[in-house]
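Working notes, structure below.
Here the chain labels run A, B, C and D in written order, and each chain numbers its own residues starting at 1.
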Amino acid sequence: MVRIGILGATGAVGQRLIQLLEPHPEFDIVTLTASPASAGRSYRDAAKWRADSPIPESVTDIEVVETAPDAIPNDVDLLFSSLPSDVGAEVEPELAAAGYVVSSNSSNARMDPDVPLIIPEVNPDHVNVLEVQQDERGWDGALLKNPNCSTITMVPTLAALDEWGLESVRVATLQAVSGAGYSGVTSMEIIDNAIPHIGGEEQKMERESRKLLGSFDGAEVHLHEMDVAASCNRIPTIDGHLENVWADTRESLSPEAAAEAMADYPSAPLPSSPEPLVHTFEEPERPQPRLDRNLGNGMAVSAGGFRETDDGVQYNCLAHNTIRGAAGASVLNGELLLEEGWV
Amino acid sequence: MVRIGILGATGAVGQRLIQLLEPHPEFDIVTLTASPASAGRSYRDAAKWRADSPIPESVTDIEVVETAPDAIPNDVDLLFSSLPSDVGAEVEPELAAAGYVVSSNSSNARMDPDVPLIIPEVNPDHVNVLEVQQDERGWDGALLKNPNCSTITMVPTLAALDEWGLESVRVATLQAVSGAGYSGVTSMEIIDNAIPHIGGEEQKMERESRKLLGSFDGAEVHLHEMDVAASCNRIPTIDGHLENVWADTRESLSPEAAAEAMADYPSAPLPSSPEPLVHTFEEPERPQPRLDRNLGNGMAVSAGGFRETDDGVQYNCLAHNTIRGAAGASVLNGELLLEEGWV
Amino acid sequence: MVRIGILGATGAVGQRLIQLLEPHPEFDIVTLTASPASAGRSYRDAAKWRADSPIPESVTDIEVVETAPDAIPNDVDLLFSSLPSDVGAEVEPELAAAGYVVSSNSSNARMDPDVPLIIPEVNPDHVNVLEVQQDERGWDGALLKNPNCSTITMVPTLAALDEWGLESVRVATLQAVSGAGYSGVTSMEIIDNAIPHIGGEEQKMERESRKLLGSFDGAEVHLHEMDVAASCNRIPTIDGHLENVWADTRESLSPEAAAEAMADYPSAPLPSSPEPLVHTFEEPERPQPRLDRNLGNGMAVSAGGFRETDDGVQYNCLAHNTIRGAAGASVLNGELLLEEGWV
Amino acid sequence: MVRIGILGATGAVGQRLIQLLEPHPEFDIVTLTASPASAGRSYRDAAKWRADSPIPESVTDIEVVETAPDAIPNDVDLLFSSLPSDVGAEVEPELAAAGYVVSSNSSNARMDPDVPLIIPEVNPDHVNVLEVQQDERGWDGALLKNPNCSTITMVPTLAALDEWGLESVRVATLQAVSGAGYSGVTSMEIIDNAIPHIGGEEQKMERESRKLLGSFDGAEVHLHEMDVAASCNRIPTIDGHLENVWADTRESLSPEAAAEAMADYPSAPLPSSPEPLVHTFEEPERPQPRLDRNLGNGMAVSAGGFRETDDGVQYNCLAHNTIRGAAGASVLNGELLLEEGWV
């Protein structure tokens, strides 16, 4: 069993990480970190557990420690990070320098050239960016990132279409409130309402998707040349990001071929990668957040509503934003690190 | 005062028509029609009044009649129609043939070449298509249509941009449940959910917008050549359609110029046309359905979130779907018919 | 394995019955019935499957038959009924007369003196009312009922308090929309709203609870003498009925004793009876529908918010209305019928 | 015109106060206070305006001052307070001591014997408690309170029934999220959910209602002797508190007599007191928050669902929690202070 720690274990994504990692066949939770105010308390006391399944007994009595190299045992093999990005920006490099391998969901450093940004089913070879990273930074450890939740939802479906030559992508998102964390969206803001802007999210989708679909030549990642323009909306759903995509391709692409390419897109040979990766629906009104977010234990993407356009296809896609889009994405990257010998 | 009748007066849009027409300075409600099952009953009995203001006293005792030429008094000057489209397709031509002038919200016949489809602030000159209509069909009356609610929300903003030469439009909608009528969306379908498909709505937006922005040469309406692709979603809001638009233009267009053109786009010299027609927001998170749907008494459009793209601009727009997008649109068209001497 | 059939298998409760019975260790689904319009079609075609888990493969190709004695195979051992109550009132007696044993969730006949109304953890001995039933009606089969969903939520907690002598109960419910069936509550009715009335529900709670807590002397069930007054509200939640209860008792009862009595209230020795039956919370803000409705696989009741009043205690309770409150209740009664030798 | 100030003008209730007071025929807004961080800024800058009508132009440029006696002009005649209760507890007595008359919505000091707690239609004579207050405290100014929003909703209906002798009241509330302030309830807490506890709210309803219906003998207010037990729930509605009430009375009371007494209960001769005060519905499913919260410009109470119980009646009532239940309640008390010569 791999001994693991969770950085930022008391937050919303931290609690999801515990739900996913506690029963995991390869990982053993030994360390939980949080802010200094929580350090020294039992996890049960430090975390206000809000998940819809009971808090796992094996973690309730773990003593929470500070998120600092000194506070984390040396024999921890792998760290999962769901730190606030400003904290992550400060602490994650310190931990990697101190020899820890970190699979991080935090938004800091995702676009750094020597930090791999990975969806294991899409660009597993980018893990080798870590060699450049260790070389350049002189780290014994390593820092690897998963992308933003709204990016993850779309990119596996785009990856399936790139053999037709993606040129331009327009995407509108309908995002669940859990994406903003437990207190990120007030009820007064969102009941009987929608908010057509999520600060920074459009830019994340536009940049991260080009890095994920870019190519690594052994020295650097070349961004994909497609033009991406996103419009991000918050709506009154709890979990599950739904997205409307227009994908313009160089080669002529039919809706049927697009659906088939997604349905056939391969999973990764890792425990948390679902089979199939992409569920495709023939019913035009699917996928829907409440009905389809839990497909593949929340790790699958689903797609439907394929239609022809003048320049390519349009379709809809969906994924569970706090599982496939956050905690589960980090776990999957941890499995990749293990498989590839970085742990 | 113009003597008016309302066809399909007991439905959701019919009730909105009564809310708008009862206090109207130029119109006097004299006739209300509904299905045969309601005929002979008082309006109070026939309509299950569900609006959030009390039923106007002046209509409660009007005896509802059947939707048929024989049942409507000859001295009614103008009819507003919110009939189901299959009923409208049958009855509206009979009424126009019998000499009645009909301002209709029903979706039938909107794309018929000799039926004007009008937003008075956008294409008031199309009202003269009625001359062609009377000529070809031998009608004494006339039939004029307003577009679909999701189309109306977008088209005034596009009209403001067309001097830069619209080439391609991509639009994703977040539509309120009232757009489907009182029983159109069940609570089990939509709570904690979103539905990425509204039957026929994508096609309506794609075709009607090209007719509205088309040109009338005295003989026929030439559709605008722009390519429009829509993706329509239902979300858990009561009223107000929010839309994300990407507009590609032939001439280079900055976000600032786009916003200014919308803010300056003129109202129509008609009682129900609001001043300004388009409210533009600098705050990127506006407009929002619950906060902004009632601007201009529900007749204004609002827009915000202007950003540059590779080929034009992207922005968001919003309108109240059952006022500007349905009942109010028909009322405004009735005012135009009056102003232009068709009533 | 017991060969079972499901009456009204295409509706919302019918689909829940399939979700619960398909993996059941003792039951084997062999027959599915629906309205004449669905007869002859495969279950996949006849049912519009709307559950949040995929339709079980073992039932997709079963040919749906009419809900009639002639259409159901003779070797079916047990029928579960989720028929509309008017259909149930007509067909269930015919089926029982024809020798079938029916565990029914339909609301008809629940208060008939010779029809047992049962929650297995509360009044399992009432199953012997079936002897009176067969005797009086000359049936070879049998008809047994579970109570209304809002009644089931409350009665196990009241049962735990009855040793203090229940005198008066006041209960306000906050009921989920699924309790009205898939199309029972429109989105226009309930978004940003609540409805303080559910037709017939108050009376069901007031009468059924007194029958459930009544005593069977071998000849008839004597209703409990407590006075029950209910106020039933529909709110915008998908699943889970939450209830505020004031229970006045003859003997003095402390909040602590009430909580302890509920926590200790025994489960039934049946596969679907959860352990514990009642989860008690110390946090006053629990139970909550979204967080707690799935406790015990949706078969547990939860309670919290215990406070002293002048005449007894007040507290809140919760159960999953379509599992513990409907489909699961019927399944549990089926298990009781099997255990007691009626199947 | 009376020169007025608003204490805590940037919060949710503060914004409602501005919406109500800006067009008020007797009051002229001259001073707005907020926390030290906002002092010195224009109101437009200091307040994040979130109401669904535009910010009134007359207040946008007012310079916000600190909530302190020194910062408020001496010639302000009347202060409306929507301060956080801890701030109110400190500052309101200082202001009253400094000679200001304060109509406060803050929850501090409501049960102090020499602080009048008033609903003008119910207990206007309690305003004379201010004589005791000035006498005992040596104040030149005065401090008067309105009750909690959930209390206000119920008490006018109870007042109408007290001629039958109220003995016991049980009340369950379904409260809107706006009652907790703009950020009081997160979307993650309440979408597809309900919370059966609002800290301190049960106690407020139980105590404040007895003070409001109590009698003032010139020296002190004697609490009403009725027993009140409340259970308070938060549900996913924006505005409008709905309540289920059981009222047990000494004299026999029929549902019809209860409804009639409420419908006939008199308004107060003050500008903001609506006519009628209580709307009674015959339809058992009314009142409903979204449909009925704005009756009487949000100042009316509505009631329906009258049923007989063993010991009295049960019924439902509703009021707009941030208008009648908070800002409007303070305004009405300000009108009473003016009418009674305290301003």
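As a convention for this text, a contact is a pair of C-beta atoms (placed from the backbone, for glycine too) under 8 Å apart; a residue touches a chain by one contact, two chains touch by 3 or more.
Quick caveat, the model's predicted, so the values are computed rather than measured.
Of the two interfaces, B-C and C-D, the higher number of touching C-beta pairs belongs to C-D.
Note: the chain lying farthest from subunit B is C, by mean C-alpha position. Taking each chain's centre as the average of its CA atoms, subunit C and subunit D sit 42 Å apart.
Work out the mean CA point of subunit B and of subunit C, and you get 47 Å between them.
In subunit D, the residues that reach two or more other chains under the touch definition are 50, 191-192, 236-238, 290-291. Remark: subunit B residues 50, 52, 191-192, 238, 290-291, 294 touch subunit D in the complex.
On the side of subunit D, the complex with subunit A involves touching residues 12, 50, 177-178, 182-192, 236-238. Against subunit D, in their complex, subunit C makes its touches with residues 168, 170, 172, 174, 191-197, 202, 227, 229, 231, 233, 235-238, 242, 244, 246, 284-291, 304-305, 307, 309-310, 314, 316.
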